Structures are given as structure tokens and as C-alpha cells.
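This report refers to the structure that appears directly beneath it.
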Amino acid sequence: MSNTQNSHTSPVAERQLVLTLGCPDTTGIVARLSSFIAQHGGWITEADYFTDPDSGWFFTRQAVRAESLDTPVEEFRAEFDEIATGFGPGARWRIWDTARRKRAVILVSKEGHCLHDLLGRVDQNDYPMDVAAVIGNHEDLRVIAENHNVPFHHVPFPKDAVGKRASFDRVAELVNEHEPDAVVLARFMQILPPDLCEMWEGRAINIHHSFLPSFMGARPYHQAYKRGVKLIGATCHYATSALDDGPIIEQDVIRITHKDTPADMQRLGRDAEKIVLARGLRFHLEDRVQVYGNRTVVFD
Amino acid sequence: MSNTQNSHTSPVAERQLVLTLGCPDTTGIVARLSSFIAQHGGWITEADYFTDPDSGWFFTRQAVRAESLDTPVEEFRAEFDEIATGFGPGARWRIWDTARRKRAVILVSKEGHCLHDLLGRVDQNDYPMDVAAVIGNHEDLRVIAENHNVPFHHVPFPKDAVGKRASFDRVAELVNEHEPDAVVLARFMQILPPDLCEMWEGRAINIHHSFLPSFMGARPYHQAYKRGVKLIGATCHYATSALDDGPIIEQDVIRITHKDTPADMQRLGRDAEKIVLARGLRFHLEDRVQVYGNRTVVFD
Amino acid sequence: MSNTQNSHTSPVAERQLVLTLGCPDTTGIVARLSSFIAQHGGWITEADYFTDPDSGWFFTRQAVRAESLDTPVEEFRAEFDEIATGFGPGARWRIWDTARRKRAVILVSKEGHCLHDLLGRVDQNDYPMDVAAVIGNHEDLRVIAENHNVPFHHVPFPKDAVGKRASFDRVAELVNEHEPDAVVLARFMQILPPDLCEMWEGRAINIHHSFLPSFMGARPYHQAYKRGVKLIGATCHYATSALDDGPIIEQDVIRITHKDTPADMQRLGRDAEKIVLARGLRFHLEDRVQVYGNRTVVFD
Amino acid sequence: MSNTQNSHTSPVAERQLVLTLGCPDTTGIVARLSSFIAQHGGWITEADYFTDPDSGWFFTRQAVRAESLDTPVEEFRAEFDEIATGFGPGARWRIWDTARRKRAVILVSKEGHCLHDLLGRVDQNDYPMDVAAVIGNHEDLRVIAENHNVPFHHVPFPKDAVGKRASFDRVAELVNEHEPDAVVLARFMQILPPDLCEMWEGRAINIHHSFLPSFMGARPYHQAYKRGVKLIGATCHYATSALDDGPIIEQDVIRITHKDTPADMQRLGRDAEKIVLARGLRFHLEDRVQVYGNRTVVFD
């Protein structure tokens, strides 16, 4: 039995422990990790490593077949906690037991293509994820949520600052009661206030309809049209208090021509948006993403 | 015989007249054009049309097999000049006889991949173009030019403003004596002064090593690394006095990962740069590009 | 007013007449067409031309703003019928009034991603199309159809030849009562018998989960895995009696690595399948496709 | 110091030992490997692992900074040889000291774009490779080779079987005297006889101008035109006695339309061919490719 088998099985297909670690790079980390896992009989199905040359920070993700371990998960976790103290100041690690499905709340507005696409994926069991709720600042997408048996909450957003703040508080309340692993902004057209970005740091996932950093902010397709670009794009990133400037998880582009108006771009761009969001969310849910500074490691 | 056959033959392969027209959109332009060409027996091998809905400006490109015409080129051109007066104020038209090969001057610095690639294409007769000269602000690429029997001129660029200006004047002199159809900035690392941009308006073609408008200016790969993007790109555009903000002809991207350092991006990006420049230059040389405002129609 | 304005407006957004013509290439076709349209005041919003150099066959598609015409559609059509007799033997033409929405019937099996995606597009009014019915050889996808208020018919397919033939007859009956413009095989896992292919010639649209002509027939992802390719693809084509060999409308690919098993390919490939089918179907519905021999002109 | 730092430095930029291993998957391989390297103070700059679930075969590639080791290369290699005996029957391993540049011989015919592109990359030091010779069955490309100071040998290929065989023997003689790490078939239009394929197994790298397995054999662009595909491709693979059926290293595609004739495809396809060959060759030279059955692991 190997302790590194990249058979690339999805966490949906079998129970795994997914161990992720980020720490200052020092001697023998890999040796200690692989010995520890091997001692417990762990069958590694996927292993990735990366050291950032600038910061000297080391990152790894290892997926272990749960049934190959000779100890219960909690014990394994406790033992790892002990050796992890040797990984230096600031080390961050996590062991996710895929038997625990992740929970998401999805925030939407009027455009339904991303929501429709995500819920379709959930129904066909693409993700190790349940959707606890959909929250919309309009009623339009209730039907999509309810078709998939997901509760829909309508939280209207008034124009005035005080009313808007109250709405955000209501959204936060609705979100937090589910303690979600992912807060998905699926074409939610409201800008999250800084305190919510902070509260959901590393969990709030946005899809922006441009190839960032081009065309940040409002109406990116109109900006793209005005600039006369020959490709348009979509970017999935963690939301931070710096608008459209958070760590990027995934991006893609599609080709356009001089014939395409902003309305055409909107239509064509929807496919890029939903595909890029779906990929980025999958990476997040499967613990494939680690953030350092404003950059991400994505072990895909 | 049709008067619209899109057999898409390259102007290199047979003699064509390529008629391009941009004018305010009014009734019956296509009818008048196609009648005029048909009256002279013209066999159209390619025809494209576009009206910009914002400006109401009409654009067309028509390629006519030269041997199908019943009149000499000069006469055809003179007759067209007469009917063109009916195409409204500001109409711009041109008839290019592909028997006249285009002329280019290429400006370079130290990075040779674009020059090497372009001269390889010229040698295998991909372009209806001769390269009159290569001008470098360093000696490094002389060997590439001379291997392809193209004269190389070394114009050193001192750091001081007066010396630099004198160098630009020398470059302009060397360029202008060839009356080039294209002044190709093939990774030329000096910023053209506004008067040269103006003098070569619509002829100075730059390759910028980013997906514009992202990462304008210096060291775009370092900017891209810092931002943590997942794709890098290249943009071929007309140089204008607004740095890296001229009308875009062609763009493309390539995928990178967290493992790629700025040095990796430079290495990987070279392929995007040379391919995008090569495509953009071909569109320009074959009169497939028309500029309106800061946008381009590209009849590819 | 021009008679060629490529403002590229979708037929969903405004009422258009879409004229398509395929005929032997002869002198002055474009002139006659554009004159005819101009005489009726027609405002052309999109115009494309192509002549196939091998067969000497000419193809065009012209979209005319309906409200710009000075005659009712039926009269326009009747007049066109008269001049069309001059377009030579075998000429095929059609004028589609976009006020008449197209009708589709969708055939499915157990895999729901294409159906889910298509019905989402229909709901957000991407297509000039209504879905009259979904027919499945299993019950699995009934819920998707009914969520979108589309009637679902279950036609079980027994293994034996006689039973299977009876099932096909039942499917044909259910399909034909709607006189559909498109019979979409959205991962329908039964091979259409030749008589149905013939009956629905040019209307039966299949999505095959490989980059044809690679990996025709059953289990293309397993074939791809076995061959060790580095990209997998999807192909949207007209179904003909030659299995997976009909005229191709659209194709695309996605990158894989040695890590991807056939199961991974199935998961990743779904996105290619649904996007390629969606694009191909749009081209078909908007009369952008014309077939000649086993090839297609696609005026996208 | 870590023993897994993916700083992804190219073997051209610093001296590395690149260790590659393929063996039956058993317990603790990674532990033994990483311990061995760590014991010698090895600083790992890149590490990749993969186990093929079908064959149960384990593959790894590890790049170690040469200057970090406490032993000379030969000693390191000898010690590794000892532990490697424990890796089971059929284990294949290699330690490449990047101080030893690889050697290539390039076979060509009349089409020069791949040769021109490769020699340009060699000149700008992209590859850890010297080109020992170029051999052509025509004289056409002598000028390209000589411009890059590479010896060119002309070996004419007569039509008759006996003469052709004699020519292959001459080619083999010219190739073998350089004991090359790569025999690059850069649009060499002759089919290698089985004995040469065998002699150069795992070293003969071909570029085929189609997306294999589509359009094997002669004139793939004409086959592609005939089939009416919407994308054309290029495939870099190891040559084996099964024509165009060897293990694939890299592939890519480019979009075409109904307007593109076989001649257009040839012109457009050149860019795909040269880029795909360049990528595939780099993977091969940097020991990133391992073959198992007819498939490849590519640790890119």
C-alpha cells in the first residue's frame, strides 16, 4: 500500500480525510507528515505540495482514505494536533472528514443562471455540499430555489443607507444560523459591508463578470465594450472589503468580436460566469484552496 | 459568377483588390457597392459588413479577384472615387492592390522571440509584406535580422531626455525613409513620444505582454504575479499617445498556476506574445482592421 | 438607412424576418437580393455570405427588421418566391418570421445536465423556442421537466428488437404531433433507427460526448482514457443514419491530465456537453446553419 | 529547509538532480524517498506523485537542488541504486544531473516552421538541450539550420523500397553517432520503419498535425476538411511502430470555420504544431514524462 496514490477520487465518491496544512517551510515537514500518516496505515489518494518562494511558506493537501486508518478520526486529529505544534508559528491546519457534508448559503438577486446551474450540480451530487438556504434581495428566483426544495428568503434592500444596513444585518442573521462553510454570492448585486466580509473571511465566494483586475466595479460588460477588448471573462474570488480585489480562485475567458454589444456579452458571458463559479466553488468545498496574502494556492 | 464568394483565399496566393470603406450608414450602400463591382465583372472572394449601432457608422471589406475586372486598377480606383463622394461626410475608403506588397519596419530591444517568429513567417511567405529594416536600441538582435537578410540599425537610447529624444528622431528618420505600412513594436521597450504616435497613427502596432486593460505599463508579469491571476495574456494594439490604451486588434490568454513565478510567466508568455502579434499584424496587413473611436472592426 | 446593419440583435429581442438561401453560385445574386430587400425598405441587421469553392454553391443569411418592411410577411414571401425561381435548380430558401417561436421536443435518458441547462435557458428567454415535450426512456428526469412546466412522457425501451421498435414508433408519434423544428437528443442513449433519422433530417440534433470523429459510438470517455488523450471534447451534430457521423454544428474541448479517470472525464465533460449543445441548438434555432453534403455553414 | 519546495525553477536556471521513478505501488515509498533525500540534505524544489489505479503502478518526479546535497552526484546515485532494489520488480528509475545538457537530433523535410521555432528556443536558452544535427530528406531547410550554426545533413529519400531503406540506415547512422536524448520528427514526412521506432523507443518525438486519434495518417487537414470539423489540432507523441498511435505527450486545438480551406488549415495549423511540439519536447527534456502502456504521466 502506497502512502501517495493520486487516484483522484472525488470526496463525494468515498469517505476521505482531507488534511491541509500551511506553515513556515522547515526541514523534514514532508517526512514527518508522511510518516505520521503511514504509521496509522493511511492510504493517501492525493497529495500536493507547494512552497511559496517569496514568503517561504509551505502548503500541502493530502487526501486519505478514511477506512484505511487504524484510528477513529477524532483520535487521528488529536494526535496530529500534537505533531502540528512542531510546524512553527502561525501554522494553520485542518482535517476535514468528508462524511461531514459542507453547508452553503447562496445570495442572489435577479439573474438566475448561476443559481440554476449550482442547484443542478447539487442535485446530481457533484459537490460534497448541501444548500441550507437561498437569500434574494428580490423575489424573482424563489421559484428556482423551491424547485430544488431549498428554502428561499426574501430580504428587500431599500435604497437608503439605514435600511440597507438593516437588510444586511438580516441577511447575516439568516446566513449565520447555518454556520455555512461557503457563502456564495451568485450574482448578488449588493456590495457586502466590510464587517460581513471580515466575518465570512475565506468563506464568502463571489463571481465577478470580468477578467479581473480589468473592469472592477459596476457594469463590467459595458466597460469591456467601451474599451474594445476581444475577450471577456469571469473571475471567482474570495470577497474582501476591497471591492473585486480579493484572492482569485479561478478565471476564464470567452472570445467576442466587434459585433457583440454589451447585451450580447451579457448573454455569452453567463456561460463563463456559471462555469467559473462552479469550478471555484468545487475547489473551495474540497479544501483545495489555501490563501496567502492576496494569492491562492489551488491544488486542483 | 457570383459577386460574393468567400473562398477566403489569402492575398498572398493570388492578386486581389481589397476595398475597404467606412462611412455613415445610409440607404443602399451595399446595393451601390455590389452593383459597381458587378458592372466591372468583379469576382468577390470575400465580403464582410458591419454597422456600429452606437455611432451609426458602416464598415465593409471586399476582396475582388484582380483578373476578373474589366478595367485596370487605376481606372477602377478613379471610378470608385466618384461614387464614393456619395458616401457622406468623413467617408474613408481605400483600394489595395495586393500586387503591391506592404512594407514594414520592426523596432526591437533585447527580447528576440517576436522578431524571430515574424521573420520566419515572412520567409515562408505568410504575409503580403517585406521587412525593410529592423531597428534595435541594443545590438543583441542584429544576428536574427541579418540571418534573414534584413538590414539592422542600432540606435542606442541614452538615459537622459535630450539624448533619448535625439534617438527617437533618428529612429523616425530611419523608419520614414521606407514609408512603411506597418511600424511593428516587437517588444521595443521604449515608450514612443506622442508626436511619433501621431505620425504613425493606425500604422504603429504594439504587442503588450498582458491582457489589457489589466497591467498597463511596466513589468506586467510582475503585476500579474502580485495580483494572483490565473491566466496571463497578450494584447496587440495600435500605439497611441495614451500608453497601452490604443485600439485593440487581437488578444489571447494562457493558463498559469500558483507555481508560476514571474520568470515562468515570461517564458510561457512569449508564446502568447508572438502568436497574438502575428495574428494582429496579419489582420492589419490584409486590411482587415478598421478603427472607430478606440475600437476596431476586425473582419477576420 | 442601410440595407446591411450588423447590429447583431438576437431574434428574441425584436421581430425579424430571417432569410436563408442556398443555391448554385451565379452572377448577381447579392445584387438581386439586396435590391429586393431595399425595394421593400428592409433594414438588414445582419448579413452573411459564403460560397463553397468545391461545390460552387452559394449560401446567405440575412436578418431584416420586420417593422421596416412596407409589406406584410406573406406578401414579401410570395414575391421572394417569384425571384427565387431565378436562383437555379435545387435552390433552397426559407423566410422565418421570428414572431413564430420555434418548437422543440427533447429526448432524454438518465443524465440530466443537458436537459436542466436547456430548460434554464428557455426560462430566461435565451432562445426563440418553446419546449413542447420531454420524452424519456426512464422516469429519472421527469422532475426536471415538470419543474419547468414541460410535459414529460415516459416511453420505456425494452431490450428486444420488436419492443424497441414499438418504443421508437411511440416516440415518433409523440414527437410528430408537435411538428417540432428541433428534436433534441440531450444525452438520449438510444440509437435512432434510419427511418426516424430520415424523417427528422436536418432537425434531429445530437450531442456526442467526444471530439468527433474521435471516439464514435459507445463509452467515448472510456475510449479517450484508453487512448491517453490530453483533451476531451463534445460535438453537436445533426443525427443521420450513419451513427455519430452527421454534419457537425459545433465542437469544443477541455483539458484533462493523467490523473483523470473515466469517471472524472464524465464529470468534467458535462460542462462541455451542455455548453456545446446549447450553442449548437441556438445556431440551429436562429437559422444560422445550412448543411451541404456532410458539412455545415454556420453564420454565427 | 524543506524537502519539498515547489519553487518551479527551470533546470536551465540552476543545477538540479532530477529523480524519476516508476515502480509497483507498495507501502512507504514516499517515506523512503523523502528520508533518503533528506538524509543527504537535499532541498527539493519540485515533487510530484501519481499512482495509476488500473495498473497499481506508482510514479514520481523529484527535483533536488544539486548544491544542497552533501555527497557527489555519483555517490548519491550509487546509494539510490541500493534502496531502489526495494522498489519491486520492473522498477525504472533515473537521476539526471542537469549539468549534463541533453542532446537532440532533428529530422525535417520541407516545412520549416517547427525547426525554425525550436532553434529559436534553443538560442534563447529555453531548453536544457543542444542540437547536434539537423537531417533533412530535402535541402530546403539547410539555411535555417546553418543560420543557427547547427550542422545540416541532406539524406535524399528515393521512392523505391530498397533506396528508402538505405536512406533510413544512413539517417540512423547519423543520428546514433550523437547518442541523442531526443530524436525530434519536426514535420519529417517519412514513416519510420519499426526497427528505428524500437531503437529510439521513448526518445523519438513526433508532431502530428491533427487531434489524434482523429485523422491519423496522410493529409490530416484534408481529412478534417472533408469531415467538416470545427476545430483542428496538433498532437505531440512518442513514435512507435503503430503509425500515429504512440503515447501522447501533449495536444491542443484551434478553432476554424466553414470558410477555412485545407490551405487555410495548413497555415493556421502551423502555430498549433510548433507550440504543441515545443511544449511536448520541453516536458520530455526535463524528464517530466513517464510512459506506461500507451499512456503518459506528464508532471508539468
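A, B, C and D are the chain letters, set down in written order, and residue numbers restart from 1 in every chain.
Here is the rule we go by: a contact is a pair of C-beta atoms (placed from the backbone, for glycine too) under 8 Å apart; a residue touches a chain by one contact, two chains touch by 3 or more.
Model, not experiment: these values are computed from the prediction.
Visitor: Taking each chain's centre as the mean of its Cα atoms, which chain lies farthest from chain C?
Guide: D
Visitor: For the homomeric pair chain B and chain C, should the interface be classed as same or different, according to whether the shared residue numbers exceed half of all numbers used?
Guide: Same, since most residue numbers here occur in both copies.
Visitor: Using CA atom averages as chain centres, what separation in Å is found between chain B and chain C?
Guide: Roughly 37 Å separates the two chain centres.
Visitor: With chain centres taken as the means of their Cα atoms, state the distance from chain A to chain B in Å.
Guide: A distance of 42 Å separates the two centres.
Visitor: Can you pull out the residues of chain A that are in contact with at least two other chains?
Guide: Chain A, residues with two or more chain partners: 6-7, 50, 53, 259, 261.
Visitor: Provide the residue numbers of chain A that touch chain B in the complex, in ascending order.
Guide: Those residues of chain A that touch chain B are 50, 52-53, 211-215, 226-231, 233, 247-253, 257-259, 261, 293-298.
Visitor: For the complex, which residues does chain D have touching chain A?
Guide: 1-7, 25-31, 34-35, 38, 44, 47, 49-51, 53, 58, 60
Visitor: If you look only at chain B, which of its residues touch chain D in the complex?
Guide: On the chain B side, the touching residues are 6-10, 13, 112-113, 116-117, 120, 123-124, 126, 147, 259-261, 263-264, 267, 271, 275, 278.
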